[in-house]
Amino acid sequence: MNANLVVTGLTQKFGGLTALNDVNMEVRFGEIVGVIGPNGAGKTTLFNIITGVYQPTAGTIMLNEKKINGLKKYEITRLGFARTFQNIRLFKQMSVLDNVMMGMCCRSKASIFDNLFNTPKKRREEKLQEQKALEILETMGLLDYKYDSPASLPYGEQRRLEIARAMATDATILLLDEPAAGMNEQETADLLITVSKLRDSGYTIILIEHDMKFVMNVCDRLYVLNHGELICAGTPGEVKTNPDVINAYLGKEEEE
Amino acid sequence: MKSINFLKKAWTGVIEFIAMHQIPIMIILIIIVTAFPFLTTNKYFLRISTLCLINIVLGLALNLVQGYMGQMSFATVAFFGIGAYAGALSVMRLGLPSLAAMVFGMVTAAGFGFLIALPTLKLKGYYLSIVTMGFCEIIRIVEMNWQELTRGSLGIMNIPSVTIFGNKLKSGRANYIIALIILVIVTILIKNLVNSNFGLSLKSIRDDDSAAETMGINIVHIKRVNFIISAAICGFVGAFYAQYVTFIHPSSFTSAVSQEYIVMIIFGGLGSIPGTFLGCIILTVLPELMRGLLQYRLLIYGALMVIMMNFMPGGLLGNLDLKLIRKKILDRRKKTERKGGGGE
Amino acid sequence: GCGEKKEETSSGDAGTSEGTEAAGNAEGTVKIALYGPLTGNNAQYGLTYQATLNALCEKVNSEGGINGRNVEVVVYDDKNDPKEALNVANLIVSDPEVVAVIGSQTSSPTLAAAPVFEEAGIPMITPQASHVDITPTGDHIFSISCLATFEGGVIAQRMIADGYKKVAAIYANDDYGLNIIERWKTDVTEAGLEIVDVEEYISGQTSDFTPLLSKIKEAGAEAVYIVPSYADTAMICTQMGQLDMDIQKYACSMCYTDAFLEAAGEASEGTKVCNFIYPETTDETFIALKKLLNEKTDMENIDVYATNSHDAFMLLVDAMKEVGTDGDAIVKWLSNVKDWPGACGPITFDETRHPEKQLFWFQVEDGAFTYIGQ
Amino acid sequence: MSILSVKDLKVRYGGIQALRGISLDVNEGEIITLIGANGAGKSTLMNSIMGLVPKAAGKITFKGEDITKKETRKIVKSGVILAPEARHIFPGFTVKDNLMLGGYFGSTSENEKELETVFTLFPILKERIHQMGGTLSGGEQQMLAIGRAMMAKPKVLMLDEPSLGLAPLIITDIFKLFGRIREMGVTIILVEQNARMALKTADRCYVIESGRIVTEDTAENLLRSDTVVKAYLG
Amino acid sequence: MFLQQIVNGLTIGSTYALVAIGYSLVFGVLRLINFANGAEYMLGAYFIYVLMMRFGASAPLAVPLAVITLGAVGYVVDFVGLRRLRKKNAPRMSALISTLGVGTFIENAIQIWVGTETKAFPNFLNFGKITIGKTIISGTQIFIFITCILLMLAVSFVVYKTKIGKSMLAVSQDQMCAKLMGIDVSLVITLTFVAAAMLACISGVLVGSYYQNIDTNMSFIVGMKTFAAAVLGGVGSLPGAVLGGLIVGLAESIGASYISAGYRDAIAFAILIIVLLVKPSGIFGKNNVDKM
């Protein structure tokens, strides 16, 4: 199988600080890949580079053998990437439904004139969009909140809404930054099911998470970063027993 | 306490009623405002109501930038002025017919909008505000100084009135109707726009622009298009305004006047079309009602502004989204129906 | 010409309003509207108008009014803003009882509003606005002030007579300044003087003139004509002092006021100022007006704002005493007045519906104006 | 002796009733934990103790003194400190400035000393000492928020989801730390999604559901209780 | 002449700078444009005018009295216009309109109280002149420039080096969190308003005495230009505000003499726009990193 997303020699420096150093990585179609590592290891930075927030100091990112770094943020999204944010960033003055529908705007075929004159084409498109948005909300279990303001949602639901919004962009690759943070064990378990379902419906998923139970159960492969260096890559089983990883990240006293 | 609660309930009731019957209410309103000039012969009433209509159009255009895109802009009046001058000059020097002059005003203003949007919309927040303020001042100073074209501070006088099919429409009544037609069209266009994908993109830029861009929105493009649409609307009414008042002067197009529009739409409620209507009408009519107070007028006006903001910080109808309310109510009804149906 | 183009509705309006007035108001008061800046940056002038007219109105009424009918002055504020002036004008014409209008102070609000009165057939007299384009609006529009260009010519003559060779000017590019400077330039150049520098600025938003003055100084002018109103002129004088500029200054009639002396202080010494009023005049109208205003208001020295508004008001009163309150009749009467005794000299409207007047020259000496000739 | 007690506290956000009459007592020197589903009202409870949200009804006392209506700053001064949900560090201040502000009422020399303790706990913060708070990684920000709360030398330390976004190794560390802090006589109120961890550290626990306390017991008992295990421990 | 223009430009520039510091201060703490600032500046000058010209007070008495009174006005502005809004967590726009309302109120109150005609202002800063070559520098100009720099240094010291300054900066970033640190947020904000009003008063007085003239026009124009100056330097940065003020002053003075006097303000604004296009956050403004 061909690798879908290939990251080679990625380096990111902030002044004197090297947040990422020569990181190589491959993600294949339909996989769930986890990125783990201690705090400040550079995981979020990796996401930021992939989605075009930062321009890397060195290295390339290829999607289907096409270089994507250097593109603008919105161009990358239109290639099929979508992400969630570690610090939740929902649109606070828009309803939950609008937050999701907003994700579809980048795929809209309606021109500005269609929008101004409310042409049948635009109305048709909007109807489809709304239907799809409601479906996505339903999958994420947020349908009851659809007209609420996202700020009034509990933290965990806000995280789900972020995923819903990302899905709405019609992405094929989802980048989830700590999707389970702030969720209790029950909710994490639900999320696990949701994420697996997403994979089954064809999404490729890259996720960052500190909840090891979640990561080990859902990911096909893991990359471990430490101080910006890739220290280990492999299946959850391999990673779990890697002494470097245990030393730097997991800790020895795994009780459960 | 109880009475406040009661008021609140009554208020939500009214809003819900309006939300549910938008179309009939609109029709009734349009009939009333269309009939208005035929019920009065008072020129002053006509003048003020025509001004209200023009102000609402400008308020709506500004709201597009400030309410939906979240950028305080002082450029509204600059574009209005550009439209007015372009319209007046094109009628007087090029001999364009009225409607063509309005289109010319619109295109000119949109052109300027494009020019300043090109580099400046990368700026955010107050940085954009000050640039638009500077732009407004520069335009006014050009209007003042380019005497060969604009007659500077002498103003342009004797601008021919609006002509339709060769008939000069000098009466207040005819101008009122034209202004009303412009307003209705602009309102429909803006309503369409903000309720579309474009509107969603705008609102998301307002709430969090980097997140919006990460969700695939070309924010520079959207902002620019929006800015230009707003400028075009201002230019169009500007050209109409020139032909309506027949005398234009740079002092009508200062950033201080822009500030008045900013106040109007914040007063009415940012990001709300009915709010803009209300804010613009109240703040156009109120100073007129207070004429009798002479020099105390502005003093009281200032005090009212503070009091109003203290008690209704979001403006009269801030972020009131009738479409959303309607959807909510329909949704609620559906649910209760379903429950009721299950019971049987 | 304009009268024929009038639309049905508006001429209908005018007809009905006059009809009701004639029928229902025969014994009632006669309303004269005054509009001008009562707030904003020029409010002091509007307030002077208001005070003068109120005093006069009281006097006229106590002397029996207009053929037994009382006069009432209704006041409107235009903030010196053309847009507001238009609102106010429409408000005034929609009051059927208003017979005539006095207003406004500067040219742009006057220009903006004049067509409205012309169309409604209401006579309007502007006490101050001097722009050439105002009275051509229509035959209902009169001005008490000389054309702005007139003063430019007078000052040019004075400079020529005083024998200066290199002259400069500084003016605000408002309606007044623009009008006046052209005339001055032509006259001065025709007489063979060299104009070394002419500086313009935007009025109302400039308080720092040093860049302009430094340029004038550098250009080596011997005399400078300072066109703007007293406040700016005072500031210009002060700043000339700070820049050690020892040049003869000429100022316009608006500077003939104590406020100018006070504001400019020492820096005003030597400035030559022209004025329409000669304070030691024996003119009866002027003395009577001064007495009245000294009694009724807190004005001590009366200025052109008081005299001109007096003239406008009393002209209207006299007209109405003779021909009644019909607009066209008043216009006809006004057009025919000859040497009507105004507070600064007799008034006769020429074909431009402006009067001709005489200017007197003064020089500031020891903080006071000294008469130096006509 | 109860150091902090809450009586019948009610809080409303517009139409939403977030707290429907909460009562609890915290004894000096114990660790209590609040568990409950998302949106149960845990953060609201902490925020209202701090005087950040207006209360509809109820009474809060600290050391016998009524602090229901007190300003936040006075509550902080008397020694009740909150490390809020979602970190809320100052993005435009350096790590050091953030920490120094935590010791707002302390003298500079005291703060310098305290700083060292925080740095031994979170060495990475020392490496980032001159970095702007806003550019820190999520976990680093969380450490900063905890460290900053400790700088104030609290008598009652309230932590709203302190383990959010922290690596497993650090989580075990901070829970150990809580034990140590308690030894120093500090009372701790802990809100955690990681309920198992929290219960293991805590003395007592309140379970909150939709703005009401439904269960109150010792942590040990709850760890054994079927319903709680089922609902919150998965 | 060029040097003369520089001197002139620096002088007006310093007066802009003084007001701009006030803007930056309030903006730095509240992220709010205080539209009442221009009115406070005007009120300061008029207050001195009334004290000295109507009541015959001497300058050493009148100036401190005016500065203190303006401090009180700043307090009232905050109390009347903003305190309630703060409690309600109202959007920033409404606070802005509220300050605009207060500003309108003050300006019109002055017009009613003192009248709109230009007033002669006592020249109590008359320190003579120095002539260097063809360039004349008056003592007043030097005084204004030095006062401006000193005040900037003093305010910068307070903001960047003291605890109260730290509190101000904390409040500017996150009010809720500032409260949790134990900062008296309301007090900090009030103090900021008081300080800004006092600064505005000082510059109003200096400007009045420099031109020996005050009028009711002074607030809007200066408000606009100093707002521009503050943004040019980078809003929230005090040295930036001063630099911005000086640049606007110089641009005006040099633009007026070498390009066109009619276009002088246009030139100042054009420079502002160009600078912002090159450096979107102003000269000393920090580029906020938006970490995702």
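First chain written, first letter: the chains are A, B, C, D and E, and each begins at residue 1.
To be clear about the criterion, a contact is a pair of C-beta atoms (placed from the backbone, for glycine too) under 8 Å apart; a residue touches a chain by one contact, two chains touch by 3 or more.
If you're wondering where the values come from, they're calculated on a predicted model, not measured in any experiment.
Chemist: If you take the chains that touch subunit B and keep only those that also touch subunit C, what is left?
Modeler: Common neighbours, subunit B/subunit C: E.
Chemist: Find the chain most remote from subunit E, comparing centres computed as mean CA coordinates.
Modeler: Result for max centroid distance from subunit E is chain A.
Chemist: Hey, which chain ends up farthest from subunit B, C-alpha centres compared?
Modeler: Here the answer is chain D, farthest from subunit B.
Chemist: Centroid from C-alpha atoms only, then distance subunit A to subunit D, rounded to Å. What do you get?
Modeler: Chain centroid spacing, subunit A to subunit D, equals 29 Å.
Chemist: Can you check how far apart subunit D and subunit E are, centre to centre, with Cα atoms defining each centre and the answer in Å?
Modeler: Roughly 43 Å separates the two chain centres.
Chemist: Take the average of all CA coordinates in subunit B, do the same for subunit E, and state the distance between these two points in whole angstrom.
Modeler: 32
Chemist: Starting from the mean Cα coordinates of subunit C and subunit E, work out the distance between those two points in Å.
Modeler: So the centroids are 37 Å from each other.
Chemist: Quick check: what residues of subunit A touch more than one other chain, meaning two or more?
Modeler: 44, 51, 53, 85-87, 89
Chemist: Out of subunit B, which residues touch more than one other chain, so two or more?
Modeler: 141, 144-145, 210-211, 214, 295, 298
Chemist: Can you pull out the residues of subunit D that are in contact with at least two other chains?
Modeler: In subunit D, the residues touching two or more other chains are 135.
Chemist: Under the stated contact criterion, what part of subunit E meets subunit C in this complex?
Modeler: 1, 4-5, 8-9, 11-12, 108, 111, 115-120, 123, 129, 131, 136, 138, 140, 207, 211-213, 215-218, 221, 252-254, 256-257, 261-262, 264-265
Chemist: Which of the residues in subunit A come into contact with subunit D in the complex?
Modeler: Result: residues 14, 17, 37-41, 43-45, 86-88, 152-157, 178, 181-189, 210, 212, 248-251, 253 of subunit A touch subunit D.
Chemist: Under the touch definition given earlier, write down the residues of subunit B that touch subunit E in their complex.
Modeler: On the subunit B side, the touching residues are 72, 119-120, 122-124, 126-127, 129-131, 133-135, 137-138, 141-142, 144-145, 210-211, 214, 255-256, 259, 262-263, 266-267, 270, 295-296, 298-299, 301-306, 308-310, 313-315, 318.
Chemist: Quick check on the complex: what are the subunit A residues that touch subunit B?
Modeler: For this pair, the touching residues of subunit A are 51, 53, 72-74, 77-78, 82-83, 85, 89-95, 98, 101-108, 110, 112, 114-118, 122, 125-126, 129, 146-147, 165-166, 169.
Chemist: Given the complex with subunit B, which residues does subunit E contribute to the contact?
Modeler: Touch residues, subunit E against subunit B: 27, 33, 80-81, 84-85, 88, 90-91, 93-98, 100-109, 111-112, 220, 224, 227-228, 231, 235, 260, 262-263, 265-266, 269-270, 272-273, 276-277, 280-282, 290, 292.
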